[in-house]
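Next up: some structures, all given as structure tokens.
You will see chain A twice below: alongside chain B first, and alongside chain C after that.
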Partner chain A sequence: MGVTCVCQVPVAEGKSVQQTVDILHKKLEQLGAVKQGNFCVDCETYQSTVNAGGQPSKLLYVMHNSEFPLSCLALFEGGPCLVADTNFDVLMVKLKTHFQNAKGHKVECRGSRYRYCDFLIKVGTVTMSSSVRGISVEVEYCPCVVPGDCWNLMKEFMLSFLGNNVPELPTVFAAKPEGLFAPADSVDTMTQYLELFNKLRKLQITGSNVH
Partner chain B sequence: MSGGPAVRISIESSCEKQVQEVGLDGLETYVPPLSMSQNLAKLAQRIDFSQGSDSEENGVDSEPRDGEWGKQEPEEEEDTVKFQPSLWPWDSVRNNLRSSLTEMCVLYDVLSVVKEKKYMALDPVSQDPTAGKTPQVFQLMSKKKSLATAAQLLLKGAEKLSKSVAENQENRRQRDFNTELLRLRSQWKLRKVGDKILGDLSYRSAGSLFPHHGTFEVIKNTDIDLDKKIPEDYCPLDVQIPSDLEGSAYIKVSIQKQSPDIGDLGTVNLFRRPQKNKPGTPWHIKLEAAQNVLLCKEIFAQLSREAVQIKSQIPHIVVKNQIISQPFPGLQLSISLCHCTGDKKINRSSPEKPKPDDHLYVLEHNLHQMIREFHKQQLSSVVMPHPASAPFGHKRLRLAGPMAYDKAEISSLQQSEGLLEKIIKQAKHIFLRSRTARTIDCLASRIEDPQIQAHWSNINDVYESSVKVLITSHGYEQICKSIQLQLNIGVEQIRVVHRDGRAITLSHQEQELQDFLLSQMSQHQVHAVQQLAKVMGWHVLSFSNHVGLGPVESIGNASAITVASPNGEYAISVRNGPESGCKVLVQFPRSQVKDLPKSDVIQDTKWSHLRGPHKEVQWSRMEGRNFVYKMELLMAALTPCP
Partner chain C sequence: MADAVTVGVNLDAFSHAISGIQALRSSVTRVFESLKDGMKNCEIDLTDREKKNCELDQIEREKKNCELEQIERQKKFITEFQDNLQAVNRDLNELERLSGLVGRPSESHPLHNSGLLSLDPVQDKTPLYSQLLQAYKWSNKLQYHAGLASSLLNQQSLKRSANQLGPSAKRRPKVQPSTLVLPLQYVDDVIARIGRMFPDMTIELFRPNGTSAVLLVTLGKVLKAIVVMRSLFIDRTVVRGFNENVYTKDGKLDIWTKSQYQVFQKVTDHATTALLHYQLPQMPDVVVRSFMTWLRSYIKLFQSSCQRCGHFLQDGLPPTWRDFRTLEAFHDTCRM
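On to the complex of A and B.
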């Protein structure tokens, strides 16, 4: 588990989503990255049915990542998060009276997983109820857990295949205290995915992007 | 006292009369003396007549009763005093006098007998006033009684003890079937099926998955003639072991150089000593042997299953009771199950020459340990208590969910190598280690200058061990210690770490290590010259570990050094190669050279201080026991005396 950066790559002009993804794959293979299977990140939204004291009901996101196959993460928007066994899904079914599943809000991100020396690259397409919403790229630098120490290296690496689309330092890392040992972990990764999903959810479905 | 007034002491005759009273003024009033008749009457009253006559009559009575008689007497006396006087006034006196006379006579007789000292002697009696004669006797009696009861108790106890000792001896001779069964029950699992008692030999309860049932039967062996002499090792309990578990077995692991033709691979009979299995062996020895056979069979079954399943470049061969694998090319690791049943005579192997004992006992032991570990893993993952919410499996895998382990971490937890893979890895390591040791030892014995020292670490991992190799020159250990190598011997390769942190990875090939060490030794000589120059005050002009000039070495590179004498007149150049050996050249000052070709350029006298041409030193003819010593002598010879 190293430092992870998740970003959105816009669809190239005059190309479909799949074509853009293929271009990225090609670029990575030209670099020397090796394909190592697939990956999948999904996110389900639950709405709290109990309204305590007139406060607006909070949304609970339950996420899975194939990189952490035995774990299940539950995140409140901007609030606390929980890492649990996969048994947590069963628990959520039992909590039906408190949290209702928003069926239409399931977001998924699927794609290929590449390894280039110490880097793990995952290029995926984000789909929401069978409509493609965008392309995500996740880059992980495995040997380091301190974001500040390896961000420049990661940025340089991303420059080599993302070109102009290199993101800024993710906000989850910017918020980490400096000087203290605050390792990046699975929650940071999932928070970035959640931010990306929420951003894509608000986008208008443009017919040309649908593959 | 002497100064005081004289004290008057009056002396008077002792008082014959009794004092009746002493007045307040000190006047003593005396009792008036009795008259004759009064005196007589008084004396007569004093005589205790009754006691004398009564004691005569009641002499046979027991003494303790005398106390009672003593009490009754006064009453009787009063009675006689009351009634007798009416008959005759002196009657009682007369009677008493008569009886007293009798007593006096008896007393006289006794005294006369005593005086003779022939029949009777008088001893003084202890004068204890409190303990009279009667309580003493009583004490004696009670003591006697209590002693008697105590003695009885002791006797009873002794009797019991002797009885139990006798019983014990009897038991030893004729052991009870039930006690034997109890002992068996405390060590082995038993159950009753019908009228049979069956036991369990298998390791199933310890986590084994071997399908062999491993059942033994307990037999009552009591139909022995009790009148005959019972043999020493007779046991009323016997066990019936399944026929395929009889005898003894072991796993043999060995590494051989050449692989014999697969065609003539047969069942290996490798028994050091055929063990005799007498019918009279105690059951526990039998059961332990059978259990060992079962375990060996399980290990072999597991190994052969893995040998078939695992796909390797050179397939593992399973033939009869042997598994053959090739850890390194030209090497063969054979694991065989040797099972000897008691009734089969194995004399076939005896005419053959006794093979050298090529057992790898460490690996055999490790195999046993690993199968037990495997058992434990099975047991702990399935049976052991675990949290109700957690999934079955490895203990640390329970943390994988909540701690969000990624794929790499989970796979490292799940990594489970088979028994065969592990044992092959261990065999590879053992082989590589022994071959490394042999290579170093060979070099050390072959090459005297420089010397090689190997320090092996005592504590090793099953897959890794390390050795520290020092290359030194004899007599110069303190200044020439530039080459210190740490060899980490792994499973497939040897990793060499220099003192300065450079690391080189060598393969399992013997030649690689040998070449490497040879090149290191050659470099050592040049390093030694450099160190020596420092000590001798010479200046290093140039130094190179890898010279690009001169003849090409087949192993490594030659190294070279040039040093100049303290005053700069002489220079020594040394070139040392692993194969070509050393070549030493000395450069003389121009002034010392006679036949210097005239040069048009260098004509000024100041140029005579330049060093001139080189001359080679015939190194083999130099005096000195080793290279560094020779070099020291050369330097000393070229250093002018101050």
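On to the complex of A and C.
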């Protein structure tokens, strides 16, 4: 588990989402990347039904990642996070009285997984209740564990197939103490996915307001 | 041109000399043949003589005739023998004269007489001369390398008998420590001193199989290197990522498995090259220190760009090569 960066790629002008994804695939294959199966990241939203002291109810996100098929992540909005076994989902059903599943808010990201040297690249389309919201690109540099060390290197790599859409250093890393050391679990990656999902969700709302 | 002429003359003299040898041989053969036959071949003449003297009385002249025959035979044999010997002498003189004309083979050839093999016109069938040259070259090289090796081996007291020299043998390690048999404490001290030199590098020392040390070098949060030592000589090294396993399932150091990342496989290759580069049999501690100094330059493995092309990546790999003197970072293909 190395340094991971998740970013959103805007749909190319005059192209559909699928076409933009295909262009990205083609660029990766031209670089020499090899396709290695598919991936899937999903996120379900739960709303706390207990209102403690008139505070706005907190949201709980339960996420799965095909890269860690036996794990399940529970992230509190702006709070602690928890890595659990997959039967955590069953527990959530039992906690129905405390956390309500916001059915329409399930977000999924599916796509292909590519490997290029020590890089792992995942290009996916983000869907929310069966409507496509955007394109995500996850780049992982496996041999390095310090984001600050290899960020320039990753930027150069992303520049080679994302062009102008290279993101800045993810905020998850910028806020880390102790030399930006990424622990060897998936929390940092999932936090980035969650940020991306929330961003896309809001984007859709503003978009629908315009229309 | 001159060469061709002299060769021509030589060849001419050669052919004459060869025929001279043949003549000598045949005359010598004649000598021996006549010697082998002895006086028997003179009998034909004697039978002629008998016919002439047929009228003489058989009985009376029997004795006289016999004596006469004997004398005649001897005379004839001697004259024939003399003739033959003279012929041999004549042929021998002729041959000596001719051999003077042939002259000596040129001494200037580096391979002396065997150099004449190069004159063999049928090179394709018997490439003896080229094979000879090759063998000569090899034997020269072998002698040179053997000389080097023997001078190097003489510096190491591998002989067991060296320990039986008495008090002088005890003093010896202090004056010039034999590099192959060093006290464990000394090795530990050297490693500990090197460890103190580099604060961003932690060196753990293990002795899993008796006296030979295995070092686990952790360089910052970049890499882990396993260095297998034999006394103070570095035998082998494997470099793995910081997040990779360095222990086997049963808790022992895993000194064999290579890294799953291409970057560290490449760094392992370069580290092996460095092992071969830093060699100083007289001062093994300097070698270990130089190697560790070189290895430490990988602390910026992912941070430094190539000194030649200025890029971070080439074929998906960062600059994995470090110059042995300047420790500058280069891509594997940019370092030439």
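The working rule: the second predicted complex is superposed on the first by the 196 of 211 C-alpha atoms of A that agree within 3 Å, B and C clash if a C-alpha of one lies under 4 Å from a C-alpha of the other, contacts with A are read in each partner's own complex, and residues count from 1 in each chain.
To be clear about the criterion, contacts are C-beta pairs under 8 Å (C-beta built on N, C-alpha and C of every residue); 3 or more make two chains touch, one makes a residue touch a chain.
Just so it is clear, the structure is predicted and the values come from calculations on it, not from any experiment.
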> Taking chain A as the common reference for superposition, should the pair chain B and chain C be classed as clashing or as fitting?
Replying inline: clash
> Which of the two partners, first being chain B and second being chain C, lies in contact with A:32: first, second, both, or neither?
Replying inline: second
> Is A:109 in contact with chain B, with chain C, with both, or with neither (first, second, both, neither)?
Replying inline: neither
> So, A:85: does it touch chain B (first), chain C (second), both, or neither?
Replying inline: first
>> One more residue to check, A:1. First (chain B), second (chain C), both or neither?
In response: both
>> Touch test for A:60: chain B only (first), chain C only (second), both, or neither?
In response: neither
>> For A:196 in the superposed arrangement: first (chain B), second (chain C), both or neither?
In response: neither
>> Looking at A:118, would you say it contacts chain B, chain C, both, or neither? Reply first, second, both or neither.
In response: second
>> Going by the contact rule set out at the top, does A:145 touch chain B (first), chain C (second), both, or neither?
In response: second
> Which partner, chain B or chain C, touches the larger number of chain A residues?
Replying inline: C
>> If the shared chain A is used to align the two complexes, which stretch of chain C, 273-281, 291-299 or 327-335, clashes with chain B?
In response: 273-281
>> Going by the contact definition given at the top, which residues of chain A touch chain B in one complex and chain C in the other?
In response: 1
> Can you list the chain B residues touching chain A in their complex?
Replying inline: 389-391, 397, 400-407, 409-410
> Where on chain C is chain A touching in the complex?
Replying inline: 221-222, 241-243, 259, 261-264, 300, 302-303, 305, 311-313, 315-318
> What residues of chain A sit close enough to touch chain B in their complex?
Replying inline: 1, 67-73, 83-87, 185-187
>> Under the stated contact criterion, what part of chain A meets chain C in this complex?
In response: 1-2, 32, 116-119, 141-146, 149-150, 152-153, 156-157, 160, 179, 181, 184
